[in-house]
Amino acid sequence: MTVALRAEWTKLRTSPGTAWLLLAIVALTIGVGAAAAATITCGAAGCPEDPAKISLTGVQLGQALVVILAVSSISGEHATGMLRVSLSAVPNRLRLLTAKALVVTGAIGAAGLVAVAGSFAAGRLLLPGSGFTEAHGFERLSLSEAAVLRATAGSVLYLVLIALVALGLSTVVRETAASIGLLLALLYLIPLLTQAVSSPSWKRHLQQITPTAGLSIQATTKLSSLPLTPWQGVGVLGCWAVGSLVLAAVVLHRRDV
Amino acid sequence: MTVQNIVVDGLRKRFGSKQALDGMSFTVDAGRVTGFIGPNGAGKSTTMRVVLGLDRPDGGTALVGGHPYRTLPRPLTELGSLLDASALQPSRTARNHLLWLAHSQGLGVRRVDEVIELTGLGSAARRRAGGFSLGMRQRLGIAAALLGDPRTLMLDEPFNGMDPEGIIWMRGFLRELAQQGRAVLVSSHLMSELQDTADHVVVAGRGRVLADTTVAQLRATISDGRVSVRTDDPNAAAALIAAGAAVVATEPGTLSVTGLPAPAIVAALNARQVVFSEVTAHRATLEEAYLELTRDAVEYRAGEVAR
Amino acid sequence: MSYLRAEWTKFRTVRGWVLAMIVASAAIVGLGIMPGMQGTCGDDCGLPTGPGGEEVTDAFTFLHQSLTGDGTITAQLTSLTGILPADPDPSAEESRGTGPSAANGTASGRPGLVPWAKAGILLKDGTRPGSAYAAVMLTGAHGVRLQYDYTHDLAGPKATQPQWLRLTRTGDAVKAEVSADGSTWDTVGTAELTGLPATVEIGLFATSPQYSAATSGAFGISGAFGGPTQATGVFENVSVTGTATGSWHGEKVGGADDVASGTSQENARFTVTGSGDIAPAVAGASGLGVTITQTLVGSFAGLIVVVVVGTMFITAEYRRGLVRTTMAANPRRGRVLAAKAVVIGAVTFVTSLPGVAAVVLIGQKVLRANGVYVHAVSAAIETQVIVGTAAVLAVSAVLAMALGMIVRHSAAAVTTAIVSIVLPYLLAMTVLPAGAGQWLLRLTPAAAFAVQQSTPEYAQVDNIYTPINGYFPLPPWAGFAVLCGWAAIALAAATLLVRRRDV
């Protein structure tokens, strides 16, 4: 297993886009978060926004790049036929997929940690200037607050799980462009569609089952209005990740490459 | 006077630190098959890409029928080419692949069916090109090159991946095209593939032309007058040295002799009554001539095996 | 021409792409009709139409008498107060205006005024909702206004203090004046009410529109909560000149049966309490029903599909080296790019147009059959929405293709295209504060969805004017122009690169 792991790591490390993508994940996540924290305004009357969530806005964009990285790590091999070489080196397909999943987890985990930590720092720095002050009923963002810690650490976990969903589904779909389309549809389209559903109960159910339910981990206020508790939300995304990887394993096992 | 279908003049092209083309110049004339040979990395494919206007040279010109390729209004009717037989959309059928190419030249479906017939694609034409064997893809590539009924054809490594039957077909086909008066430029890194096909060879190495000559002349230049003698007689070497030759024992029972023509060697051996079974004047194969020429130009040489 | 023909042949001979285009069209229709929005509107649920033919809200309390011929009405508004709904319960999510959202029940909440609470004097062609009118009024937060025939709104002094108000009818012209002390009068403006009959109703009115506020709801996706409000105007020194007939008669015009309404008279002091609005009807949180834009949610799914196909149209060639064959066959690379753009754009437009047309036309019927009130729009607007949406998809596909040509890699191109077109829209609706969200929808390619706006935004109606309700920060064709601008930049960059680059 360690051999397969090492091979996958070398593959990821030496593929030209990886470093740029990881850098972009960090930069864009922090950039968008900082921009949101700086542009929002909170007046004397108070405001409904959730400061932790505002500073973590960038995760919504960062996840798109996470998807690229995860999809490329497998569909690139399908495209070039390198998968055949990989499987000749590591014939056990489950092992290959596991190694890939672990390597992607490591890379996204590390980049996600930096990105989320940076976003948190930017939020802590910028939010008071946007009116999220004690006078308006907001304390400075602090990791010593359990909910904020949960939102921050949970966002890293969210990105990792998104990467695993992407890895699993793109193994099944194979075609790069189609995989990206499918995943971005899951991440961006479904939330839009649920907006259009008028029946509150349907809407709630839909919000409970989509991968983006995992974003509820970012909430630190008004938890009672969430369709799912933060950890339940991550659990739903976790199910997606496990489900996609199992599907991928089954398909990879059965399919000729 | 022969029509010069392709004129390559002083091409230079650098990729990063590597000088891929370093003054490549040659012409391709009508009515014959010109072999374009050289080791990997000699600049053959780059030259072809420059001719097709795909790569921009740092210096020099490449003309097709007297014009830069990119100015040709219907280029495939002037020059048909095959660079990479795998450059296909796998989900498209062979026939549809030819069809869009035909449309790009203002040609109709009739010509598509003609070239399918001509290259023997026949029934495979309506199958997905993605499922083709390499040999079938080469045929499809040739069909595409012939689509515009061009005066000139340029094929990059067309023998790659072909089975013996396919190679024989390809050789005959190329000769036939040349006999029809077309100019045919065929690249290869294996001289032997072109041995019975090319009339003329351009040998490239390290981005320039090492030799531009006919096959016969190439052989003659390289032939070094070595003669091999098969004999078990221990006196043979002494007899030949006495006659003024230089002798090397290449393997048990075989001597390689230089400095004497074959008839003189036979005479010398007979005079000393040495028993021998065979005297062969060494006639350089094209392969050997090529290896000789490109010895210094080989980019990636196999490391010497440790003894 | 041969370039175009070759690219078209290339496109139509890849079965996956052709299927994808059909899927895109089907997704637009399917997702548009599926959400199964239910409403409570039966046949009786309709909006009055104003003199200009537009749908209007016309619900207020009117204390009036008849005036024949020219004349004036003068009144001193001595106080304007109101009641707002109680603080929202964050866990109770309001369903957006899918049924009549006119005030119902007695507003029982905290005292306060919504910005467009109105009380003042009114001259109206009868009491039929939707009839022509002119009114001068004090508002909750927008000072003194002259409003007439629903869509017209003129600002007077920025007063918040009670004012003297006067309307003077001369033929079809109604002049509005305001005074702080009842002796020096300033003209606010003059309303031209063409075809006003000789006898009109004049009097005092009060009304107060639905309170609505955006909330940050689940997943950061904004919801809205709202509730009925009421306004009470107290008038003194009411005088009418001209041929007035009848005594003061209090009446609730329009609106639901159970709204707070009342008039009372105590010596020369009149009190009028009302709820509702006299304004153009809007869709969304503070209005009634939905717009035809609602049927087009599926266009996002279609967009993702056409973006994927648009990208693959070029990146598939790069992946296999087929692009070299293309460039060898057609050495004028700029033309190859142009031909590809024309083919993918035209194919997308032609295949998505029927889907968009079907979902807008059928979707409206389905929604109405489900009891959802759908704002009627003119054929011209319907055409704008349908053709515009198909055009947005087409230009998006071209943008994606150009991006594919620039980066030569599917993953990066598809992501850039989808993220730049869909994500700003999503962010604007979810986490981002309104201001930032609006800017995103002005600057990014997402601006193009403005072509789906079918009803205008009115300054005199407070509403949550968000894309999900069918309102965009840019005018339709300006939004489309933003996308075209991006596509043009991408195409120019791609042309430059493809000319310079070795393939």
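Per-chain residue numbering starts at 1, and chain names A, B and C are given in the order in which the chains are listed.
Following the convention adopted for this analysis, contacts are C-beta pairs under 8 Å (C-beta built on N, C-alpha and C of every residue); 3 or more make two chains touch, one makes a residue touch a chain.
Nothing here was measured: the structure is a model prediction, and the numbers come from that model.
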The pair of chains with the most residue-pair contacts is A-C
In terms of mean CA position, the chain most removed from subunit C is B
Taking the mean of all protein C-alpha atoms as the centre, the chain whose own C-alpha mean lies closest is A
Distance in whole angstrom between the CA centres of subunit A and subunit C is 33
The distance between the C-alpha centres of subunit B and subunit C, rounded to whole Å, is 71
Distance in whole angstrom between the CA centres of subunit A and subunit B is 54
Among subunit B residues, those touching two or more other chains are none
Given the complex, residues on subunit C that touch subunit A span 31, 35-39, 90-91, 93, 95-96, 98, 214-221, 294, 297, 300-301, 304-305, 307-308, 311-312, 315, 319, 372, 409-415, 418-419, 422-423, 425-427, 429-433, 435-436, 468
Within their complex, subunit C touches subunit B through residues 1-3, 5-10, 13-16, 316-317, 320-332, 500, 502-503
Residue positions on subunit A within touch of subunit C in the complex are 17, 35-36, 39-41, 48-50, 53-54, 57, 60-61, 64-65, 67-68, 71-72, 75, 79, 175-178, 180-181, 184-185, 188-189, 191-200, 202, 204, 207, 212-213, 215-216, 218-219, 222, 224-227
Listed in rising order, subunit B residues that touch subunit C in their complex are 49, 52-56, 69-72, 74-76, 81, 83-84, 86-93, 96-97, 99-101, 103-106, 144
